[in-house]
Each structure stands twice: as C-alpha cells, then as structure tokens.
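What follows is a group of structures, each given as structure tokens.
Next come two complexes built around chain A: one with chain B, the other with chain C.
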Partner chain A sequence: MSGESARKLGVIAAIWVLLLLVPVWMPLLGGYTALATRVLVLGLAAMSVNFLLGFTGVLSFGHAAWFGLGAYGCGLMLKFVALSTPLAIVGGVLLGGIMGALLGAFIVRRRGVYFAMVTIAFGQVFYYIAFQWSSLTGGDDGLRPFYRQPLHFGLFQIDILSDDRAFYYFVLFCFAIAVAVMGFILRSPFGRTMLAIRENERRARFLGLPVELHIWIAFTLSCFFAAYAGALYALVNNFADPLVLHYSQSGAFVVMAVMGGMRSFWGPLLGAALFVVLQDYLSSITVNWQIYIGVLFVVVVLFFPRGLLGVIGRKVS
Partner chain B sequence: MTQLLLFNVTNGLIIGAFYVLMALGLSLILNLSGVINFAHGGFLVVGGYLAYTLEPYVGFWGALAISPFLTAILGVVLERLLIRRIYGRDPLYSLLLTFGLAFIFEGATRAIWGAQGKPVTIPAFLSQPLSNEFFFITGYRLFMVATVAVMVTLLFALLRYSRIGIRIRAGTLDLETVSALGVNVRALRTLNFGVGIYLAGLAGVLAGGQLGLEPTMGAGVLMPSFVAIIVGGVGSLPGTLFGGLLIGVASGVTAVFLPAASEAVIYVLMAVVLLLRPRGLMGEEGMLG
Partner chain C sequence: MSLLEVRNASKHFGNLIAIRDVSLKVEAGELRAIIGPNGAGKTTFFNLISGLFAPTRGSVWFEGQNVTAVPAHRRVRLGMARTFQITEIFPELSVRENLRIGAEIAKGYRLRPWLARSEAAAVARSVAEILALTGLESKAGRLVGELAHGDQRVAEIAMALTLEPRLLLLDEPTAGMGDQETYEITRLVHDLHREKSFTIVLIEHDMRVVFHLADRISVLDQGTLLAEGRPEEIAANAAVQAAYLGKAA
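Moving on, here comes the complex of A and B:
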C-alpha cells in the first residue's frame, strides 16, 4: 500500500469515527445532537449537488426542487398512506427522483449558464404547486401534522421520535448507505466517464461517448440522492413547508459545496457543517441574519473559490 | 365573459410589461458579460424604495426621474467593486455572487425601510378609471404601459443606431474581436450593466405605484423574467421582449379559467418551448448554450 492511499484511508476512518462519536463530543463544544443530524442531511443534499457540479462539471441551481419533493413525498406518505418511516422515505425518494428524471430530459441538452437558468426556473414550478395546492400540501403553512415512526425489527423496535441520539444514528446509517453508493458510482467506469465529460466534453464526444445520455443519468442519480436527503429532512423536522422547494435553498446547497471544496468528495459535508452552524448562530443573535449569509456568499466567491478543502489540498501538495 | 377575459388580458399585458423591463436588463447583462444577475430583483426593490423616500421632497415625477438613476449608480459601483472580478470565470461564481448580493439587498431593505409594505403615491389624475365599462383601465396603467413602450423603443434605437449600442451588440457576438479593435471593453460592460440596472430601478418605481413595495417583491418578478428570457431565446433581445409579453398574457388568460395555475402556467410554456425549440423562440443556435 502506497503512502498516498494509506493517508486517504486514515482520513476516511477519522471522518467516520468523528461522525460516530458526535453525541459524545458535540455537547462538549456547546452544540446539540439535533444540529449534527441537520448537518448530515443538508450535507448529503450538498453532496448530491456536487455529484453533478464537482464530478460531471454541470451546475444545477435548482436542486431544492428534488430535495423538497423528497420532503413532501415523505410527509404525504406518513400523513395519508402508511405510518412507516422506511416506506415514507421510499415514497419521497421515488417522487423526487422520478420527477427529476423526467424534467432532466428537458434540461440536459443545455449547457453552462443556460443549464443553470433552466434548472432554476423548473425548480420554481414545484414551489408554486406546493404553495397553491393547499388542500394537499397545506400551502404556505406547510405540511403537517406527521411524525416519524418507530422502527420495527420484529422482536424489538427503536424509538427515533423522542430519542435524539437514536434518530441521529438512524440518519447516520441512511447517510452511510447513500455515501457508499455515491462512492461506488464515482469509482465505477461510469463515474470515470463523468470525470471525462467534466474535463473535456468535446473530446469525450469524439471518443464516442453518448454525452447527453451520461449527463442525464448523472442528473437523475443526483436527483435521487437529493430526494433521499429531502425525505430525511422531513423526518428531521416532522414538517415540510414550501421554502424547502425555493431556489434560495438551491443556492444554499451550491454554496455549501463550493465553500467545502467542490473537487473533493467530503467537501460539501464540511461546507454544510459550517453553513448550518453559522446560520444557527446568526439567527440566534439577529433577525437580519440573511445579510450575513449574503456576505458569506460574496466572501466565498471572492476569496475561497476553491473551497476550504481546496485550499488545504493545495498546501499539502 | 368578454369583459372578464379582456380584464385579465390587460392585467397580463401590464404584468408582461414589467417582466419585459426586468428581463431586458437581465438579458443585456447576460449577453455582454455572461452574468446571470440574481440581484436584479434586489435592484428593483431599491429603485422602488428610493422613490418612496424621495417622493415627499421631489414628488412622483421627480422620483420617477431620479431614483432609477440612483439605482443605476449603485449598480455601477457594485459592478466596479465586485461583479467585475468574476467576469470570465465559471458561471457558477457569478451566480453565487449575485445570489449573495440578493440576500444582502433583501436584508438591508428590511433593516432600512422595515418589513411592512410601503406605498408609492401616484398623482390623483392618474388613478382614475378611464371609463365605467372598462373600470380596470386606469390612467396609471396606461401610463405604465406607455412608459415601458417608450423605454423599450429607446433601448432598441440605442442598440441599433448609436455607436455604443453597436459596440454592445458586437460585444455580445464576439467580445475578443471588439476588444482587439480598440474598444474599452471594461467601460462598455460597466455602462451596459448600468443600463440594465436602470431598467430594473424604473420597473421598481412603476411597480411601487401599482402594487406597493415589499422587501421580498424582487424575488417574485425575477423568476418570470428568467422564463421570459428562456422562452424568447437566450441572446436575443427581441426574443426577450416577445417572451415577456407572451408569459404575461398567458398567465393573465389562465387566471380566467384556472386561477390556481396562473403562476405555474409560464413554466409549462417554458417546458413546451424547450421541448419543441430548445434554443427558444427567437434564439440563435449556439448562443451561450
């Protein structure tokens, strides 16, 4: 084993140990476990955006749509169909993922600025639908009431509703599955062609790769990941409101990915952690926290365009 | 029925006129600088609130004349300080930067003028309906549409016949060559940005007189303006003009038959256009996309 891959394995092991021990060290730093749960969920959403942005080179500025559809799908399942947490997650993932796949077919023929604009505009459709269709979605007040249900394992069950720590581990488990799948895809031949498209789309096309099809598949996979994160987000809040579908949420995902480092696999999680902690802190000291979030965007673009892990990575190499 | 339809078509045209003002500014900036200005709605709000503040001193007409200019100056300053730095970089960064600016605008508006809605008072003679039968056609609405029409004509004349306008159009097609021919591209982009922001500020004042002002109103106009550009075709200003009017009327007509869908219909329209003619109705193949 070379030194490089040993170092990588060490870093990954350290990340997982850190994540597993969150309920131990989080209170020591003055945080609380539920905050870490939010970081995991939003981090997963930011990683799904980065799956496209960092690894395929395509910027989606409308991922809140798939994230929010996942949240609403999950909530609607719990409220109207079945009192089962796993089924609700499946419902959310299917709703967001399938809609993403369908609309993706319209979107993938565009590139660059145009691609971003079309994703933003399509994303807003679902915001208006959730807003207007109040008999189903609760409109502006949001979808409620629904509650995440205990997990049944035949002989025993786990209460994830009132036990914050149990819920954190449940979300961490779900997060780990998604991350494993994402890592597997990126290491597969398909993942390599995604990188090839990112590096040089024209050359990839000359090599006979069906570029549009590949981007569509990557887009669809990314939508499924985002919807999965959204479903978990509905479980975190026991609530879903139209704001999860709004384009400002999409912007937040992109800034998390960029802030953490969009060329790195774990960067978006780091970005999400910073974003969530900062937002939590700012909204506790001022009602005008939006201004500071805006300043954060500007600072990231002007001074840390490569993200925190990008800066560290450059120093190491 | 006819009256109801006419009422909503008129409404649609007026809303469409707003979209046109916003979308033309966005389009100008996008075409020459490759920047999607997310903060455009923020400039609209600033224009409106400046008019609200100035009105007691200079009256409605004074505010209408001054506040779009002040907004444009703010735009030019921000372009020089911030936006210029990300020209030529991945569109990702311009999106994030202007997105951040939009947040700052909204928060700052709320901090300065408060979260409650504010009115822009319009002259009394403009607020009268012109006839009893067509009660919805007030003088102000006619005035708004006329102003937009004059501004659009002026803009197109400027682009067609003036030296600066020709340079802007040439820069849209091939900025490098324009630069090589000795045109100061930096100044051209700044000026172009200022013109775009002026239109946003003007839209803000006009909208303030019709609907009143709220810190969040910018975001509501921004998305339809995007759709107007996409429907009309990125890179084509006549396309943007047509797209704005089209989606305004489409949402007006839909409001008659299916009120709940009046906002969603423009996205359906966009989907149809993208499916049948991906470059947009008047877009040129290969422009930016």
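Moving on, here comes the complex of A and C:
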C-alpha cells in the first residue's frame, strides 16, 4: 500500500519536473515552447471532458461550447472592458461556466447517446451565435484585436506577450491550479459519488444518491474547467474564432481523452500532447493530417481501450 | 403501526398486469419471505416497495408515512435499503471503497469537498464494523468485480448495511450460488435478523432457505397474493402446493 502511494508520488513529481523544464528540453527535441503552451491548454480542456467521461461515466460531445465561451468571454473582456489578463480569464470562466451550469440542468436527465446528442446540439447553438453576431464577435473572421496584458505585481511586471517562456510559466501556473482543484475534488466524498455513478448508476441511486443532482454538479464543475482552458486558449492565440465552439473541437477533446487514457487522471494531457505535436508536425507535410490522427485513434481504441497511459500503467505495475 | 405497509397495490405495464391488488404488512423485527413461481411478480413488487417505479394504483407506507410518491433515493434515506437479483455493485472499486461510499452517503457527507479527521474516522469505523460482520475483512482491498459471485452478493448486502437501514430488502440473496455459498449467506441473513434485529423482506427461490429463515411467508402467484402465514401454514396450504406443482387443487 505505501509502496504504491510512494510510486504514485514519484510519478507525479516526475510529471511536474518534466513540465517545469519544458523550455529546456523542448528545443532539444526540435519543438518550441509555444507548442508546449498549447498542449497544456488543450490538455486541460481534455481533462475537463475526462472529468465527466472518465470519472462520472458521462460523455459530453459539446465541451467546445464551454471552452469557446471561455475564449470569447476572455477576448471580449480584453477588447471591450478592461486591459487585464486576470480579469479577462475570470470573465471567460464565468461566461462559460455559468452557461454550462444553466444548460446542464436540461441535459443531466438524458443518458448515453441522448446525453451526447443534446450536448452537441447546445454546443452548435453557440457556434452559430458566434458566427452570426458579427458586430460583437467578428463573425467568421473571429474576434480581434485583443492582446494578453503584462501581469502587474506592484513593484514589477511580467511581460507574457512577447516572452514565450514567461507566458509558458504563466499558463503552467494556471494549469497547476486547475489540476490541483480537480485532483482535490476527485479525492473528496463528492468525487467518490462521481465514481459511484460511473460504476453503477442504479446502485448509486439505491445508496440514496440523487444521481441527477450529482451529475449536474460534476457537469457544471467540468464546464468551469473547460471555460478556464478556453480563456487561456484565447490568450495563447490573441484571437478567438467560431471554430473553437464547433463540435469538431469537442470531438478533438474526446479523442485526446480517449487516446491518452480516460481512466487515468493524466491520460488526457498525454493525449493532447500527442494530438498537438502530431498536428504541428503532420500539418507542415500534408493538409490531410487528420487522417493520420484518425488512424492512430482507431488503433488505440481497438487495441488499447484503456488508452496509452492505461497501457503504460499496466506495464509499470 | 407496521414498519412497512403496502395497500392494494397494482402495477400495469401496458396490457400486462404484473401486480394485482396486493396488500402486505411487515412489522418491525420481522423476517418476511416472498415466494412464488417464476413470473409471479415478486421483483416487480419489490420495485414498487423500493421506489424503482410507482404503482399504477394503491399506496406504499413506511413507518406510517405515505411514500408512494417519494423517489427511490429518498426512500433509502428514510431507512429502506435493497439488493438486486442481479448484483449491483461498483465493480472497479475495492470492497472497502464500495462500503465507504455507502457510509459517507449515509452520514450525509455526499456533497462534502473534504471530511474532518473525526468524520473520516467515523466512516472508517463503520466500514470496518460491516466488513467484520459480513466476513469480508480479508478481501477489503480487492476489486469487487474480481471477487467470486458469492462474495459479490455478500458485498452488495454489506453495502446496504452501511446505510444503517431500518428495512432491508433482499432480492434472491442466494441466486446463482452453490451449496456452501448458500449456507454462508443464509447464516449471514439469519444473524442479521436474530442478532442485529434487522427487519428483512426477502424474495427467495430456495425453499430450504425460506423455511429456515422466515417468520412469515407471502406467496405471490400471477400477480396476486395467494396466501400469507407462518411457514408451517404455508407448507400445508393446498392452493400454494397447486401453484407450485402447476395443477388444480
């Protein structure tokens, strides 16, 4: 038992050391720091999807909606309201999270395929709103111009706009907060009720659990995480276009989560890393890069249903 | 006041009448067996009591309260716990985790982001007690899904016990078990009834088990209550014999 927890601690320490040293080892492998920043942000979004899929047993195919609302919320704050990076993030998180909470109330009674379908439908609604409401959102051209602002700390400030490395560490800091909160929730009594619902909804109900309420809370939390990732994504690009709201983006999150391993906490981050790196590399070679990711996805699902991290985890133990 | 009372309950599924005008009273401390041929409506009747669905007509009362419209999860909190004919557990969690979830819900901690040390200790204590009571201590760390069928059935009963129920509803506790397992679970149910004075209603096919355990027996046949009484009365009842042998009395 203590050997197992020591091993787990070691793995977590290794992950954080790896993440902290990205600006050192990334260029050696031919990558660049901004690529790692994207991995963190999309990884966080995939982890938010997995918070539902892997730990509550509920598949959302519309998380791009909350992610995209987070991005637009962040961009709109910077463009129209206040030139402050933290405030912009808060704006994005609130927009996506609160919308998710409201619409989630209509979704949580559905199960399985129906749940997935309704999440897609709600997601597409926001896509078309962003597409059509040009005066506010810039429509098809996307929301611009806005730029992430330096972080002010009284005596000094950090330039995260032109300094890639500083921005990476800022995003890593934001990522760490979200991941800590997520891990904390999953280890709480509430988190265990999520596992209970994933494992056996009927048993959960007959232990006295109001299952719909708990799914709604898990869904809402997940939307806040997704919106947070979306807000960071707007900062990464200094731009938000309707595609961040599109269901294909939702699909990408699900692919990342499943490819990386949906029963493992860190799996979606690995999935996102693979997705982003492959996309970056392949798209410079061919416009049909998605077909390669598609093939890889099919192979993983067919032969490693627990995802890449599931396989590694089994090898280690 | 009876602990559980069902008044003139009927349940229709379209044209099929699964339960027809059945009434039942169970007193506190009693062990009641519900028996009947396959398709008699026993599990449907259980589902009415536990709130999986509502009766088409009639009402269900628990401790003098009309619970007919009370949803299943709230009936659990009122003190009704049940098991299922096909074991319902959390297969990919350990036995201890399975019980811990039940204990945490029973103690009202289900929405908590964390527990105080004393609260966590209380949960651990009640889990340990139930592990000891059900003889699952040596398997506490194993995944429930990997246990033998008989142990899974016991684990499901153990989960129900974490809820500190005042009424325990067991749907065929010996289903699919060999002789040894049947013996062990019968002894467990017997101990729960005699030593821990749980009120228990169980559905059972194995007549040895029924006649060994039950204070009273209710016989369902084709959705109606055919007979009710002490085991020796039921054994001597001509209509019951006919229903089981499939012949006219």
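Throughout what follows, the second predicted complex is superposed on the first by the 314 of 317 C-alpha atoms of A that agree within 3 Å, B and C clash if a C-alpha of one lies under 4 Å from a C-alpha of the other, contacts with A are read in each partner's own complex, and residues count from 1 in each chain.
Keep in mind that, in the parts below, a contact is a pair of C-beta atoms (placed from the backbone, for glycine too) under 8 Å apart; a residue touches a chain by one contact, two chains touch by 3 or more.
The structure presented is a predicted model; accordingly, all values stated were derived computationally and were not measured.
Asks: Record, for the superposition on chain A, whether partners chain B and chain C clash or fit.
Replies: On the superposed model, which is not a single observed complex, chain B and chain C fit side by side.
Asks: In the superposed arrangement, which partner chain does A:V211 touch: chain B (first), chain C (second), both, or neither?
Replies: After superposition on chain A, A:V211 lies in contact with chain C alone.
Asks: Taking the superposition as given, does A:T193 touch the first partner, chain B, the second, chain C, both, or neither?
Replies: second
Asks: Looking at the overlay, what does A:S135 touch: chain B (first), chain C (second), both, or neither?
Replies: After superposing on A, A:S135 lies clear of both chain B and chain C.
Asks: Check whether A:S284 is in contact with chain B, with chain C, with both or with neither, and answer first, second, both or neither.
Replies: In the superposition, A:S284 touches no partner, neither chain B nor chain C.
Asks: With both structures superposed on the shared chain, find the angle between the C-alpha centres of chain B and chain C as seen from the C-alpha centre of chain A, to the nearest 10 degrees.
Replies: Computed from the C-alpha centres, it is 80 degrees.
Asks: After superposition on the shared chain, which partner residues are touched by A:F184: those of chain B (first), chain C (second), both, or neither?
Replies: The answer is second: A:F184 touches chain C but not chain B.
Asks: Looking at chain A, does chain B or chain C touch a larger number of its residues?
Replies: Larger number of chain A residues touched: B.
Asks: When the two complexes are placed on top of each other via chain A, what is the minimal CA separation of chain B and chain C in Å?
Replies: Nearest C-alpha atoms of the two chains are 12 Å apart.
Asks: Using the touch definition up top, name the residues of chain A that touch chain C in the complex.
Replies: Chain A reaches chain C through residues 1, 184-185, 188-190, 192-193, 195-196, 199-200, 202-203, 205-211, 214, 217.
Asks: Within the complex, which stretch of chain C touches chain A?
Replies: 50, 72-74, 76-77, 81-82, 84, 88-93, 97, 100-102, 104-106, 109-115, 141, 156, 159, 162-163
Asks: Within their complex, state which residues of chain A touch chain B.
Replies: Where chain A meets chain B, its residues are 53, 59, 61, 103, 106-107, 109-118, 120-122, 124-125, 128-129, 132-133, 247-248, 251, 254-255, 258, 288-291, 293-298, 300-302, 305.
Asks: Contact residues on chain B for chain A in the complex?
Replies: Those in contact with chain A are residues 30, 34, 36, 38, 82, 85-86, 89-93, 95-97, 99-108, 110-111, 219, 223, 226-227, 229-230, 234, 260-261, 263-264, 267, 270-271, 274-275, 278, 288-289.
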